[in-house]
Every structure is written in C-alpha cells, then in structure tokens.
Amino acid sequence: MSSQVGQQIRGAGKKPILSYHNVMKRFGNFTALNGVSLDIYSGEVVCFIGPSGSGKSTMLRGTNALDPFDEGQVFLDGSPLPTSENEARHLRRRMGMVFQNFELFPHRTALENVMIGPVTVLGTSKDQAAKAALKLLDKVGLADKTQNYPANLSGGQQQRVAIARALAMEPELLLFDEPTSALDPETIGEVLNVMKTLADEGRTMIVVTHEMNFAKRVADWVVVFERGQVVEQGPPEQIFDDPHTERTRNFLSHLGWHG
Amino acid sequence: MKLEWSVVWEYRWLLAEGVLVTIGLTIVTMAIAVPGGIILALMRLSKSRFLSGFSLCFVELFRNIPLILVVYWAFYVMPIFVGIELSAFATGITALALNVSAYNAETFRAGINSIRQGQVQAGLALGMSRFQVLREIVLPQAFRRIMPILASTWVSLFKDTSLVSVIAVGDLAHNALMVRSQTFRVLEMLTAMALIYWALGYPQAKLADWIRKKFEVKE
Amino acid sequence: MGAPFSLRVNFVELDFSPIFESWRFLANGLLVTIQLAILCCIASLAFGILGGIGRVYGGWVLKGIITFYVDTMRSIPVLVVIVWIYFALPLVSGYSLPPFWSAFLAITIHVAAYVIEITRAGIESIRPGQVRAAQALGMSHWQILREVVLPQALIRVLPSIGSIVSVTIKDIAIASVIAVPEYMKQSETLAAQSFHPIEVFTFAMFVYFCILFPTTRLIDRLYRRLAHLGQS
C-alpha cells in the first residue's frame, strides 16, 4: 500500500512515541476497533477522521486507558501500556485529554479548573499552580475570565479552559476528542486557533475531528477510520487531494469535500 | 430476661384489627387526598387570585406543620372552633387528609407544569377547550411524573397513620402500645409492632421503587 | 361543644393569656426542639453521606446491608422507632437512655436512611464524562470523589437536604410521645393545664410554620444561587 511508503519516509530514523499493534475493542456484540495498527511520532499532529462510530474516539479512550483495549498491544515510548488502574493513573498524567463536552468541573472557577490537576495529582503548591494556570489561561486568550464559573462561559471559552486544564499537567501528548463538535459555529474558530498555536509549538497531538479544513491545514498525518479499521493513512495532501482508496473518496465526497 | 412471645399470639386479633384500621386509614385518606390535591392544584393554577392564593396558603401551611400537631389540632380544636364533632377515626382521617392533600397538590401542580406550553398550544390550536386540553393532553403526560411521587407519598402516609394513635384511633400502633401497657411485655409487643409495620411497609416501599423505575422519564 | 356538623365559630372564648404567661415554658421547649434538630441534622447528614458513598461504591455485601437498612427505615414509622429505642432498647442493651438522647438516636437512624438515598441519587446523577475528565488528569478514585463528584452531588441535592431539615424538625415533634420536653410536648402540657387547647395548639401551628417555612425557603434560595455549580 502506498501509505506504507509514506510511513517509511515519515518515520525515517525515528522511533514512534506511540505504536499500536493490531488493537481490538468490542462493546457487547459491536466491534468498535477491529485490528488497528498505527505509529505516531513525537511532534506530530495526527488527525483521525472518518464517519461517526468508526472507532476514532475509541482509539483515544483506549490510549489513556479510560476504556482499555481488549486485544493487541500499544507501546508508549517503547514500553507497553499499563493494564492496572494504578499504573493507568501515571500514564494519564503524561497525556492531556480534551473532551467533546468540555467536562469542566462546574463547581470550580476557570482558574481552579486549570489548577486542580497539578494541585491534587502532582501535589504542586496552590501559588505555583495558580501562576502557571494564569499563564495558560492567558495563552488561550482568557486572561480576563479566570474567576468565571463554567456556567458563565460560552462553549468556545469553556473548551479553551479545558485545553488549558490539559496543558497544566505538562503532558507529552495531547488527545482531542472531537473538540469542536459541541460548539456553536461562531466559536469553533477560536478553539481551532488555539489548537493551531499548540501545533506550531511542535506539540504531539492526536485530534479526532470532523473539521476537514483544520485537518488539511494543520495535520502532519491523517488517518481515515471506517468500521473500526484504518482505511488509509498518509500526509494531508494525499488524503484530501489524491486519496488512494475508494472508501476515503466515498467518505470525503459524502462530506461534500472536493479537494 | 425472660421473654414471652406468646403475648403476641394472645393478642393477635387486637393486632389484626389494628392492621385493618391502619390500612383503612391509608386507603380512605388517599381516596380523599387525591381529588383534594387535584382540586387544590387546579385552584392554584387558576386565574382567580383568590383561589390560587387560598390554595397556596393551604398547601404551604400544612406542608410546614408537623402532622402530629395537626392531629392534636383536629382532635382538640376543630370540634370547638369549627363546631364539628367527629369520631376518633374520622378526626384522624381529617388530619391525615389535610396533610396529604397539601402534598398531593404540589405533586399535581409540578406534574402539570412539567408539560411544555407548546403541548397546550397545540391542543388549543386544534380547537379543544382548556378542560379538554387538560384531560386529553396534559394529564396523561403528567401522569408519568405524578405516579412515582404519589407512590412514595402513599408509603409515607402508611407510616404516618401511626400518628393518629395519639388520639386513640385503634390503629396498629395504638393497639400494640395499649397491649404493652396492659401486659408490661414491652420488648415483645414493641418488637412485634415494628415487625408488623416492616412486613406491611417493605413490599410497599419496593413497589414504589418499581413504579419509579417503570415511569422514569428519560431526558 | 356544638352538635355534630353544626357550624359555630366562637371567638368569645379565645384567650391567649396562658401563652404569654407561660412563654418561658414554651421558649424552653423551642430551644430543645432547635438543639435536637441541629444535633440530628448534623449526625444524620454525616452518617447518611458516608452511607450513600458506601451504597454507590461499596462491595455487594456493604451495598446489600445499606439497601436493607434504608428500605427498613422507609417501611417503619418513626414513631415506632422512637418508642422502640426508648422503651425496648434498654431491655436489650441494659443501658437506658434519657428521652432526649433516645429521640436523638431514633430520629438520626431514621433520617440518615433518607440522606443515604438522596446522596446516592446525587452521586448517580453526575455525568460519567465528569469522572472521565478527572481520570484523564490522573486523579485517584478518592480524589475524584472528593474533588469532583461529591461537591457537585451535594449541591444538586440541596433542595432535598432542605426537606430533610424540615422532616427532622417535624419528627422531633413526634418525640413528644416519650416526653422529650420539646415544643410539641410543652404545648400539650400547657394545653392540658390551662384548659385552652385552641389557643395553645393554634399558636403552636403558627410557631412551627414560622420555623419550617423560612428554613425550607432559605435552603431553596441558597440552592438557586449555587445551582450552576452543580450543572455539568
């Protein structure tokens, strides 16, 4: 397959930070992931695209063991993903996750939401955590909303706080689970801009998204999922301008994508 | 300590009679308090400020007074103040019905209010009268929300009937306490009383849970 | 007394002077009611919240025991619990408790069962996504419960906690049957001694209303101010 060619060029001389080998996941009778193998390299922005229910989000939740995979192996920096809950907690500190529905903690202010991870999990002092949180909120453009409770923030603002919350743990890897799907169209842009900034800093990001323009513009690597399998993967130019498989073409044309 | 459980068997008919009175109190009270609650709820929702004000005062008053005080009040005050003299049973029913009607009124009002205004407008747009809209559209939908609360009110009422024992209505609690003071078999009679209430109340509580699950509104 | 069903309103006999003359006696009763209410509320909230956590996160044995306890208290009248604890428990345990502490124990046992149910419902109403988000930050089970789940759950159930306070105060009136000198008991005594039950009991209604109505309203208002902190 030609994607293999791309992968060789892409991976030349580097070891992947994340490496999936034939992972499977079932929910009852439904097979959510059916043998996915995939490498992700440090500093890359990888976008997972594909129809709803194709397994993209399941990949993310398996990666930080919120919903562990049933079969197959995943290597993070060369060592296998832990299986026990206790080890999984250590794993999750290394990965930040941003959810579709933000999942900010409603009883905490924006600032406290960003502080809560370092303070409770890493044992950082409140002063230090607050300083870092202020910086992060400034970075996502919310320096003036630090004392607001989530209920008093727009969807886009909440999602930016959620990104700051994930960054506060200084993760090696950021996981975005459809971060703009629950947003009003007018606030999608502000979230995508923040994500673009993070990408430009060279952070490693896995983004499950329906925003094809974002994927094309920002991604280093795009993976197309369908029915729990990888249909095609490659650089965005290949996926969007010259898809090699019929199923990728079908998926994109259903979205009304014409190159 | 020597226990004589035979005392429970000896007085079985008195206890059985008490059980019947307890059940009777529950059924009769609910039979009054459901229509009573509906009427109070409709008064509350009516356009008349007098009716809705009266209903509001009635409901808030009886929801914010201990039932045992209402029982005493119905027993000592009502006959003199209002000039109605009733049997102990009827007095007990009156006190319970005043209390439960107030709670039911809130249940019905909340149930009716939970139906979106659009549903009412859709009914009116079809040319239905307000009463028809209430009967055909609002109440059937509100039923799902009302039933579980009525069921748990029923369970509370069943227990609360024990409070009328203080005015010598011959319910289970009264009869058991009476036997206790006559025979001095305190532990036996009080434990028997608790067990009988438990045996009667437990299935009702479970039934109320079942109704709540069955009618749970998923949103 | 009038003939059956004849309506006769008799204002002439109303005489509230016994209430004013014995205000200290009634005020003491009110004080006992309030003391008992505060003690019972604190104890049943503490006990009930712990029980509620056990009910949700415990093993099947613990869950079974707690469920059985809750359902038992839902099916036995509080009057029966009070009377049993005061009269029967000493025969079993060998220790007799004074009426005040019997009432405290009985009402706490009874009310805590309701607090358990409320806490359980509150915890179960928190969206799973909130727990996932906390997990994704690497929090432990205990941290998630303490920092994320419990604070939101308790805010959400504030209105129910309000009704628990109201239920407690009403249950305390039932403790009059074991002669706890709380407000209901004092009113009964005064009504009997003064031969003015109308005035005394009507005044008691007024007093209870003046305590219970603002209490529930206050908690409702507090909830409205805090509600957004529990909405995820």
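A, B and C label the chains in the order they appear, each numbered from 1.
The rule we apply is simple: a contact is a pair of C-beta atoms (placed from the backbone, for glycine too) under 8 Å apart; a residue touches a chain by one contact, two chains touch by 3 or more.
Predicted, not measured: the structure shown is a model, and the values here were computed from it.
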Overall pattern in which the protein chains touch one another (line/ring/star/complete/other): line
Closest chain to the centre of mass proxy, which here is the mean CA position: C
Chain centre separation (chain B, chain C; CA means) in Å: 19
Between chain A and chain C, centroid-to-centroid distance (C-alpha), Å: 49
Length of the line joining the C-alpha centres of chain A and chain B, rounded to whole Å: 55
Interface residues, chain B side, partner chain C - complex: 1, 60-61, 64-70, 72-73, 76-77, 79-86, 155, 159-163, 165-166, 173, 177, 180, 186-187, 190-191, 193-194, 197-198, 200-202, 204-206
Residue numbers on chain C that touch chain B, as the complex places them: 1-10, 13, 71-72, 74-81, 83-84, 87-88, 91-92, 166, 169-170, 173-174, 176-177, 184, 187-188, 191, 197-198, 201-202, 204-205, 208-209, 212-213, 216
Sites on chain A touched by chain C in the complex: 61, 64, 66, 89-90, 92-93, 95-97, 99, 101, 103-107, 116-117, 120-121, 149-152, 162, 165-166, 169, 175
Residues of chain C that touch chain A when the two form their complex: 127, 129-130, 132-140, 143, 147-148, 151-152, 155, 228-232
